[in-house]
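Report on one structure; see the data block that follows.
Chain nomenclature is as follows: A, B and C, assigned in order of appearance, with residue numbering initiated at 1 for each chain independently.
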Amino acid sequence: MSRDGITMWLTPFLARPIALIGLCVLLAMVIAAAFAPWLAPYDPYAIHPVSRLMPPDAVHWFGTDQFGRDTLSRAIYSARMALLIGAGVVLFALITGIPIGVFSALFPRLGHVLMRMVDVLMAFPSLLLALGLIVILGPSVANSIIAIGAGYMTTTTRIIYGLALRLRAETYVEASRSMGSGTGWLVVKHILPNLISPLLVQASFVFAFAQLGAASLDFLGLGAPPDIPSWGNMLAESRTFITRAPWLLFFPGMMIVLTAFSLNLVGDALRDRLDPRFRDVFSGEG
Amino acid sequence: MWSYALKRAGATLVTLWAASVIIFAFIHLIPGDPIYVLLGDTATPDQIDRLRHELGLDEPIVVQYLQWAGHALRGDLGQSIFFQAPVTRVIADGAETSILLATMTMVWVVLIGVPIGTIAAVRHGTWLDQGLSGVAMFFASVPTFWVGLYLILIFAATLGWLPSSGYPSIFEGGSGNLRYLLLPSLTLAAPNAALILRLTRASMLDVSREDYVRTARAKGIRPWQVVRRHILRNALLTVVSAFGFTFAALMSEAVVTETVFALPGIGRLVVQSILRRDYPVIQGIILVIVVLYLFINLIVDLAYRFLDPRVELQ
Amino acid sequence: MKSGIGLLARGAAAIVTALFLNAQAQVPANAAGMLREATIGEPPPLDVMVTTADVATTIGRHMFETLYAWDSHYASQPMLADSDKVEDGGKTIVIKLREGVHFHNGKEMTAKDVVASMVRWGKYGSRGKLLMGSATSVEATGKYEVTLKLSSPNGAWKNLLSDVNGGLAIYPEEIASKATGQPIEQKDYIGTGPYKFKEWRPNRYVELEKFAGYKPRKEKGDGFAGARVANFDTIRFIPVPDVGTRVSGVQAGDYDYAEMISGDLYDSLSKDKSVQVQRTNAPIFGLFFMNSKEGILKNNYKLRRAIQTALDKSQALRVAFGPQDLWKAEGSIVPKGTPWYSTAGIEAYSPHDAKKAKEMAKEAGYTGQPIRLLVSTNYQAHYDEAAVFTRQLADAGINVQMNVVDWATLLKMRGQPEQWDIFVTHHSFFPDPILFTFLNASYPGWWDTPEIQKLRAELVNSSDQTARKATWDKIQALIYEQVPVMKVGDAYTYDIASPKLKNLNPNGPAFWNVSTK
């Protein structure tokens, strides 16, 4: 990306200090995930039944859970799961959404049928869809990604379809078509590059809501396997101790809120920078 | 116009049929079966096989689908394996809680979301707007069960002002029982009000760029008059259609809230039914929700078409 | 639109005011004679003969009665029975019934009802085979007399007739005789208990009401035995799956009683004046079953012993059940203070010796192959125990891979021997070992070696207590040698109740004789 490109993407954040804070939080999260083994003071899996449910103190800043595991260490390691789920869901939504959406826009006959099928899927409430898929596939990280991703795949496809239709209709695209260039070239040259910025906006929102979706699944006991540290699992395990050890509920909850909030702020700032032609497809979001 | 309506309705029916096949196929893909849950931990294998046969669960899946679909067309969703009662009655029982909860939630959503969204739009670009939008964004980012647990801890367990959980029907205890839904509805309202707030703000800003608003302004009508008479009224068209979807979504998305507050609603019913593999109930609920969604979708679509001549649909 | 919003605003303001005013003024519902119990979940159908689900048992116990019932020391006392005679070296059992007992439909209970119930129980009841499997005939030999003939004596017959859980509840003849393996319908929930079925609002509650025609026994109430007096007009069993919600519900006065509270709240709740704590008098115990049919653990007793050697059971118990009052790392399968207490083989119960375990595993030919552990999170304790053991086994170089699924999936998967090597469940207390699941060769795990076949026959077909105890000692030693199952330890669950409730039942949630006075 050129220097101008970087400035272009940074401007929305410079213009809006709160979005800059969001960006910093996300950066911190990435660092936490990448360097978890060095940052975490203890082994997040180490069990010490004698020192269980300890309140926060100098030794355990966030206290310990019912296995006597260090909550801070688990919270740091959980950033990995959060990134993995978020990125996984976004990738799943894009990998399924881009081909279907773009293809449907280019070939209206088949596209109409495909979009009707997407409509059918959209009729299923996303949380129920995720629940059903998880029970069918069995709980694992990959399956959580598929289950949550299935819900966002539909909305993402719809957005891409809408954008691609508009891009196709635009005269310069029509013009290049009449000059006899092939469909593949058309896609690469005109549609895909123009999709990047709106999809970046969509990606940050999907990333944010995937955090909440994953937490809900974890809370219902249908998310990632409970031995894997994730904020949702930490919440689910600690809700029994809400009166006995309220700090166990507080820290992972705050982590989810901070992450989702930051992502939403970033998405919002990016959207405001977006070409007005594309902005209205997002009006119902965020 | 009418032919469009008919075409739309026809497409909706096809979608519904496809959805029913998906529902049925998916549900029977779930591993495990209701027999084990029904009989408990120590049931013997021959006891299990016998009961599976008696319940007709060993029939080919296509036969089971045709039977179910045939009955569903006549309004009979079958018999709950677990409750030994008609699925329609089981759903109707849960619907009371869900509809009341969704209605109360929508009241908060409208009362909080629309006015504050309007203020943010009118003070567009100011610190007030940024602050309000930021707060809204924050509430849209909070897991509902987290809010719910803290509300219970504060208002029920510590202060004792409101009941912690459950919901006895208003048909038994009178409207006072609505207080059981106060904390859950506030919990659910938090993210949804935030969304409606942002939507109100966005669509008001859109409308304010329209020509007739500029004309009104140019005619020298006072700013608040313009907002009330022209912008708000038109922007609310979008917002009201969003209400429909939010309401439908609340039926099922309330799963987590209903679990936290032990409410006997549709959401918790479906999760519990999935966990105990009560196929007829799961199928029934999802079908009802899908029908509701498609119906609202159809109405909103047609309403747009009839009310707003600018909307062009292929 | 504007006036619409205004109206909404005024309406909402009115609702909020009304709700807050109402909140404090509301009279607790139990003043009207209703007891509200928060159960751990929705029950399956209440046909207690066929289901062994705990929630169904708890509710069903109030409606249906058995011929005998356990007192607070788990000794069988007559309930619907009056007296009995055992003849022919234990092969003929003659039970005399109480006279003047009425069903909820007004009909008097006679020997015909008992015979029809016994036949249905023998064919379709969950635990019926254990007694009726060896029955040659069951007949009404008088209006109030039933004679059961067996092909061989059964030392546990009275215990088998003492609990409704998958047990012989007495149904009216016309219902029992047409009942199949399918649970009976709600309109057929007709028993002889102090409460009768009123209605079942799915997802909301099951409601029972006082049975006016109930005549209590003369003996004083003791455990589940003796006189049963209904002091409440109605009882509502309300499903509240979340334990935190159950606790705050009792604290806030929304429920009068809540089951199965987590151990970590025990200390604080014991001091809390808004609740009373009720610890059960009989422990449940966690069980890790080994696959004897397929896979790496089949017949590999050395490796199984290596696994048990690596474990420190008290760590798992502390994590799963909390304060020391609530658990005991007890190697005897049946707890101390019962006639079945035994020390045979218990030195192998919880050695926690990673080094030795490593050696033993090596000797057994183990080279780090994954061992698949099937566990469900629906029971938090199962998962806690499995998580602790997995860590301990990793320290001994034994590679356990947890497969965490929901309970319904686990129940199905454990029936498929190729799917797992170890699975986790728990067992309720039972006063006679004959009912233990691991002695049942068709229960997943499928422990059926020649040694246990022989000992099992000895245990079942004898009515001499001393001989049966000697057999049980041998069985327990064999359990520690062949390790078909590992016992985690004894856990005492506890319930909480409103401080207003008096005379709670020490055997568990049973609300006859309970009152607010």
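Observations
Going forward, a residue touches a chain if its C-beta (ideal position, glycine included) is under 8 Å from a C-beta of that chain, and two chains touch if they have at least 3 such contacts.
Because the structure is a prediction, the values reported are computed rather than measured.
On a Cα centroid basis, the chain most remote from chain A in this structure is C. Here B-C and A-C were compared by C-beta pairs in contact; the pair with more is B-C.
The mean-CA centres of chain A and chain B are about 22 angstrom from one another, to the nearest whole unit. We define each chain's centre as the mean of its Cα atoms; on that basis chain B and chain C are separated by 38 Å. If you average the Cα atoms of chain A and of chain C, the two centres end up 44 Å apart.
Shared contact sites, meaning residues of chain C that touch two or more other chains, fall at 242, 244, 248, 378, 406, 409. Residue positions of chain B touching 2 or more other chains: 31, 149, 152-153, 157, 259, 275. Of all residues in chain A, those that touch two or more other chains are 135, 138, 239, 242-243.
Listing the residues of chain C that touch chain A in their complex gives 242-244, 247-248, 262, 264-265, 268, 315, 318-319, 377-378, 380, 383-384, 387-388, 390-391, 402, 404-406, 409.
For chain A in complex with chain B, the touching residues are 16, 18, 116-117, 119-120, 123-128, 131-132, 135-136, 138, 208, 212, 215-216, 219-220, 232, 235, 239, 242-243, 246, 249, 253, 256-257, 260-261, 263-265, 268, 280, 283-284, 286. The residues of chain B lying in touch with chain A in their complex are 11, 14-15, 18-19, 22, 26-27, 29-31, 130, 133-134, 137-138, 140-146, 149-150, 152-153, 157, 195, 198-199, 202-203, 206, 238, 242, 249, 251-253, 255-256, 259, 270-271, 274-275, 286, 289-290, 293-294, 297.
Remark: chain B residues 31-34, 36-45, 47, 50-51, 54-55, 80, 82-85, 89-90, 93-94, 104, 107-108, 110-111, 114-115, 149, 152-153, 156-157, 160-166, 168-169, 175-176, 178-179, 182, 228, 232-233, 236, 259-262, 264-265, 268-269, 272, 275-277 touch chain C in the complex. Residue ranges of chain A in contact with chain C, taken from their complex: 45, 47, 49-50, 52-53, 66-68, 135, 138-139, 221-222, 225-227, 239-245.
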